[in-house]
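The same chain A turns up in both complexes below, where it pairs with chain B and then with chain C.
And now, the complex of A and B:
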């Protein structure tokens, strides 16, 4: 079959080279030809040919100058004299394409108005379309009467033309079109399918802001018969909008659900898919509601039409994120789509399978995916890599095959973004799954042997320097690192030198050999590499001192720079070369701006808490630790146990934006208030938060550190510290008032007035809860971790949680009371399940490891009961966890 | 809204393009994006086999008809299903005008009539007519035959 087709094609190609009707077409010549439009005896055929050439030029991106366009437009209007239907149709199109300017429109309106009132229906329809396209709102009011008549015209072509024109005009003259709603309402009842479709679309647009009207529209149409599948699809959309806004009935039924379900049995595939999609997107959809929709979607997965397969798999992919169990029935059909010709379909199928797959299917899935990855584009690959990362975090025991998969694809061709996604995933897996560390590091080492991206090489070297020395055999990584010194560009070489030094500092047995390697770097061609090598060489050899102990050396190598770069730069600029060496300790540690983590959260209110919940592990932020230890008042509070995510104390877009970070120590709590002044005309001074702790009995204020000045848009912070009894889970509510002296600023000079006025600003209350004393720390294998803990420490009790909205709501409430890390994806409750087990892990203040098993059950009247089993390093803490739940 | 209807030849040269509600400065980007999409996926694909892609609320359905590639971009209510309907209407009308899946030459020969069909099917980003016989009659200013 294929061969004759090819031959034929070649013939055609040859023909085209010589005979393309537009070969050598030139604008000037065509404009000349357009003069035939002025002939007293019009040659309709010839005129059509010229218009076609003009259209071709316009479609090729040629533009006409104002003069040319006007000339062609005037010439075209002459063609109204001809009665030739073919030519008239071309003229309508041409006028629309030329979009005449306002002063020219007047020339053609009379001809078009005449056509609009013509006895020939087709003239009417076309004239309406052209007029509506070119007129402005003043002219529109003149022809409004005709348009209203046209909407209810018995000829469907005329009615449709008026209706689509209405949809178009709604954007420019909504007040006029809204007056047509009676006529449009009548057109909705039309027997012509397309008229009904257009009328429904227009009516909904006219009434979209009137909820009651939309609801009435839906109620009446869902009872009657809507003829065209296109209109039916629109109706389904509008119905789901009404359902969304009205919620569930008192009887537990969803209004209009029967209509959606009946659409699943429609003849048109389009309608079935639209209905299935609408059902899956219902708020809080139950599995009883989902089942029929999933069943029809499953059938479409094996359709011969790519669009239907795509629509079905796209919908199922979305469902899999919220109701993975509901989609598992489709897994077999979904697997066959991995080899689908259409890569979009294949990628959606893969990522759906990754969401719904269980532990036993992972290996099989990985095998199928290997072939698939080679022939999709990078953007699809990134989606897959991200899905694999989540799967691995869900099933940590499967890290081996997933990690192997990632390392294999890391070796294949790919762009920067794709490679970065893989490297990031491997790093996250290493951090979260301790067992995966060694193999992960090894894969990263292999990768940097042949990595073309400097950024990724340096990231990996940095990570390797922090993690490599802590492995069982650090020496095996040295070869890979030193190879970088020999083979790579200066940036990577400098990173490699730092990494080598980290190994030397942390692994005594390697130190002499690292010396040898560092010595070789002393003669590197690049200044930075040489300087780093010299510094580390002297530091590790004890020739240079950065402190008194080895700890200081490590702090120097591993710690981040503890002075703000801006301050360091200023100090260095001010330093005058002399006998006195520059002293870094003289640089101010006071920062004007907030750490990055806080900045991100200030913009979006939800970012803070959300990231805290979803983040797999939350530990102490080194930058906070450093910041607090640099403040003398807090220096003797001991080790920082936990810093919370920022909690907003002001609404978005208020005059002053304030959020607070709770820093928990054994015997103290420090509240760090991050403040931003958003008024350019004000300078705030002596900013302090007055905290009323009368509803927090166990807390005693011991220190307050005011903020000297808070200029516009330059965030600053103030602190308040409390003492609390050690070993007690002290909780309470704090009310906060921001107090300050406000000074007016002259916007032109930026200078503040000398005198200020005292003022205050009420902030929202803040609570310290039990969860603040718990660190979210996950375990890779909950069962092993549970069994390795002393059974004696186990405390079990049962609780009634009363009537709850759903099981999922009860589970997430208990998780948030405890503030622990959900393990193995058990925080997700399959919809409609009657019971659920949730596994939690964390570290309680005093560094006590805690594991929790929660078993939930829900009865018919939504009464939830829970069994709580706790094991921990300290049986007393197990009791405390029960106390927290009992009081929560 | 149907954001774009674009015909190109197999080398990626534009034959007809219609944009609706797409700012002029973004058109070039769409043009090259669609042509690239086609060059990656349409080679060796069957005549009139539909290809589909989507990003957020924008869907793209594209195909080859004879030697010509056809791309349709839509958003909101014009999702992949509605666009499939649009593309079917357009390919049927083009085949009707040309008498068969067209070569590039044939397509250019019937250029004016194809422009008219397109004008009947998609008007200012809205699907107006779907049926090929009706479209054929309308392009000749003849009233459609009601069923």
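And now, the complex of A and C:
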């Protein structure tokens, strides 16, 4: 055969630079060819070629059906007859490829077991690897003896094969592999580098759940018997794990730190890197501990190998986020990396410099960056933009050069994500640095003149409408905005119209001119644009009936939508067309915390059949409202203010499962008990919850609605209503007893007996707390909302919270006492911080908007102090918030 | 196939050998991150295009994207890639890459080209099989890897069998050295 591997050669393709030996290969034809495997006189070379072709097909992504795979597999097993070593090797490879898709793979075990005890080391090693992939635990016990021998085999290839297989088998048959500890321990002492590595990996996995054993292992090995670089890397990982788990260092010196430090002087670079990285990642690492690691990484920075430079700069970049000062020594080396051929390295260098830079170096850095930005990919640019944003917030005085830089890159080519990152950064800078406002707005105006992204245009227009009128010369923005009305698509035009209206409302001198512009928009081709123009035109002209005063107009234009969109959507869906217009104030303002709801539903699933009906009931507020208003006793309670999440009053898996939902009205509280009977042999009748309110003075029971019958596995509801003084935050504790009549049910017929027995069942206590009177309502921009509130309503006071576990714990405790919505992610406390400011917003009963600013500080003995500032629509409520905290 | 946490073994997610157009010569995946052939192809395409313009001929290069670290090296019209999770030790991956590209160089006797690679695909596949087993590094020394593959070469068809192993390796090394000096 001249060209043995060519199946079919197309003449047209002869002109190609090279031919592929697999040109025109077809699965069907190759499967036919596989018949040579059945020949009584095996042609080893030809068989090898066919296997290669099969493997080629699989490698290119072809798949075999189960039948095909099984057929090929059986044919392949015939090849064990051949003594050809090369063919045997290909057979092993083929079996491994086929083993997941073919049936009956197990039949080759005997052939493999024979090979496993062969005299040829290569057969032994490979047979072990293949066998361990296809074996089940019963067969494993049969060959366990051989595997144990193989682990301590003289030949390192055989030993490694057995050890690596052990790592796999540990996942399926841990109890078997754990018996090999002695052999594995012996292999750790092997002189072959890779055997040492594999043995250590397996030994650690065997012991990983036993902290003490891992610690012992590390203690004995760090004394220096491990020489292979890979094994040392492993040992460093295990050591840092032990350090992490041993927690706080007693008496200053960290255990095993000496070992990590000694690894920094290792010959192998991979060990040095692993050790340096382990040191930088230590919990609460000190600068004294960092210094040696930073020094070796600095040396790597000037290596000729890109991989080494990358590894070093990436590690230093991480360190710079937490210990910027420790990295400043490397700044000179870093700066030379900005021009590195490898753009990943250059980006990491730049962002590291931005993190460690000081005020004086900013200008120089910016100059270097301008060239740099043009030739890196968008994803790197975003990283840089984010770094610049945080740098600018750190050095507000340098806003001019940073803002210029941002506007320059904004003009260049770039994708949506990149442009969005820039626009977001500029907006943040405008918000936080008042001096930057005018130039920032101007840059944004320039940008929307030639912006291909509708989303960004509308975002900027909206922002311009809020900020532009407050600048010294609002008129200069009008041109940019009106250009949008002429040039852009409908979405952008609509938001430009809104922006124009905002200018008209706030700047009296511009009002007549805005009228002219709005009038032109009245004939726009798009409905939405026309509608908005008409509305604003009338509104500003004082013809519309949105409100009597100018303040109402502004409120309408600038007030943010204070209901969550999800709730608005649900309410609109529930709204049935009628004479009564849809009232937006009827939409619940409570932000649903989604993850909590999800957790609850999964929790209930395990609790049993209760989830069936109570699940949907507890999720939608609107359905509560409908439910309560349909009960005549509660109809005159007024508008439902808030419904709490269900509180479980029974343990999971008890006879009767009960949870309660607290419905808060202005002058009433309704407790809704959702009950489920989990005993098939019982029928409950006249179910009622007897509530003892003796520990809740201000509450007076006014109504109780019993449940007629509660059959097995179909949840029912019973209600108890209380009257409470209006405008008072009444709190108290209620004890509950479930009372009912039990009737036996014959499980075979499902019929209940006539006579029942009275019985009762103690439920857990229930509390009504001040947080129940607070709705979680977020605000989008806390600062603006805060400033728009009357400063007269502000009440400030300081509190000592005593010794707390951590700052985060204190913050979440106060949040839960108040029951308010944390804004702008301020509920998350960065670890190790000594102080924290938390912003909260909510609506108090009586529809009073409340904003709270909490400043926390923690002292060395974990003593937490808190300053609480409240603003609200009603100064009295501000006082009440303080009362709540003082009592909580 | 299990993915190992950082606490345990260094692990490789895939090894790729692509041609100068980004087409597969030989690939092997050790992770479930790419469950379908389509997702594998998409990954190969993005790796290939992202690294195409770089010069990874004299030294191995490295990049970070989509949460993976990729070390790579180009020899003639062949592109070698090794991928791992982004918290992996870069130098360990580089040693795997060198083991892979150098042993292929030895096995193809310095003639590292797509055409030769395809003609000796069996050797390339065995080579990958000897470097990584299910994500765990088996061997990184190029001579050892090539030695393990070459002992199994098919009798009569491959010139290796006419020489003793040490001879074969000597010639291969010579070829490699010559091609590097070019």
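The rule is simple: the second predicted complex is superposed on the first by the 532 of 888 C-alpha atoms of A that agree within 3 Å, B and C clash if a C-alpha of one lies under 4 Å from a C-alpha of the other, contacts with A are read in each partner's own complex, and residues count from 1 in each chain.
One rule holds in what follows: a contact is a pair of C-beta atoms (placed from the backbone, for glycine too) under 8 Å apart; a residue touches a chain by one contact, two chains touch by 3 or more.
Model, not experiment: these values are computed from the prediction.
**Student:** Based on the superposition on chain A, does the combination of chain B and chain C result in a clash or a fit?
**Tutor:** After superposition on chain A, which the two structures share, chain B runs into chain C.
**Student:** Just checking: does A:164 make contact with chain B only, chain C only, both, or neither of them? Give me first, second, both or neither.
**Tutor:** So A:164 meets both chain B and chain C here.
**Student:** Of the partners chain B and chain C, which touch A:270 in the superposed model: first, second, both, neither?
**Tutor:** both
**Student:** Looking at the overlay, does A:314 come into contact with chain B only (first), chain C only (second), both, or neither?
**Tutor:** both
**Student:** Using the superposition on chain A described above, determine whether A:205 touches chain B (first), chain C (second), both, or neither.
**Tutor:** The answer is second: A:205 touches chain C but not chain B.
**Student:** Examine A:241 and indicate which partner it touches, taking first as chain B and second as chain C; both and neither are also allowed.
**Tutor:** Only chain C is touched by A:241; chain B is not.
**Student:** Who does A:697 touch here: chain B (first), chain C (second), both, or neither?
**Tutor:** Touch status of A:697: no partner.
**Student:** A:726 in the overlay: touching chain B, chain C, both, or neither? Say first, second, both or neither.
**Tutor:** neither
**Student:** Taking the superposition as given, does A:233 touch the first partner, chain B, the second, chain C, both, or neither?
**Tutor:** Both: A:233 reaches chain B and chain C.
**Student:** Once the structures are superposed on A, label A:45 by its partner contacts, choosing first (chain B), second (chain C), both or neither.
**Tutor:** The answer is second: A:45 touches chain C but not chain B.
**Student:** Do chain B and chain C touch any of the same residues on chain A, and if so, which?
**Tutor:** Touching chain B in the first complex and chain C in the second, residues 19-22, 48, 51-52, 55-56, 59-61, 85-86, 88-90, 93, 96, 122, 129, 157, 160-161, 164, 167-168, 194, 198, 201, 230, 233-234, 237, 269-270, 273-274, 305-308, 310-311, 314, 341-342, 344, 377 of chain A appear in both lists.
**Student:** Could you pull out which chain C residues touch chain A in their complex?
**Tutor:** It is residues 2, 6-10, 24, 26-27, 37, 40-41, 50, 54-55, 59-65, 71, 89-95, 113-115, 118-119, 121-122, 125-126, 129, 133-134, 136-140, 148, 151-158 of chain C that touch chain A.
**Student:** How about chain B: which of its residues touch chain A in the complex?
**Tutor:** Residue positions touching the partner: 14-17, 40-41, 45, 49-54, 61, 67, 77, 79-85, 103-106, 108-109, 111-112, 115-116, 119, 123-124, 126-130, 138-144, 146.
**Student:** If we count contacts the way the header does, which residues on chain A are in touch with chain C in the complex?
**Tutor:** Going by the criterion above, the answer is residues 5, 18-22, 44-45, 48, 51-52, 55-56, 59-61, 63, 84-90, 93, 96, 122, 129, 157, 160-161, 164, 167-168, 171, 194, 197-198, 201, 204-205, 208, 230, 233-234, 237-238, 241, 269-270, 273-274, 277, 304-308, 310-311, 314, 341-342, 344, 377, 379.
**Student:** If we count contacts the way the header does, which residues on chain A are in touch with chain B in the complex?
**Tutor:** Chain A reaches chain B through residues 9, 12-13, 15-16, 19-22, 48-49, 51-52, 55-56, 59-61, 85-86, 88-90, 93, 96, 120-123, 126, 129, 133, 155-157, 160-161, 164, 167-168, 192, 194, 198, 201, 230, 233-234, 237, 269-270, 273-274, 305-308, 310-311, 314, 341-345, 377.
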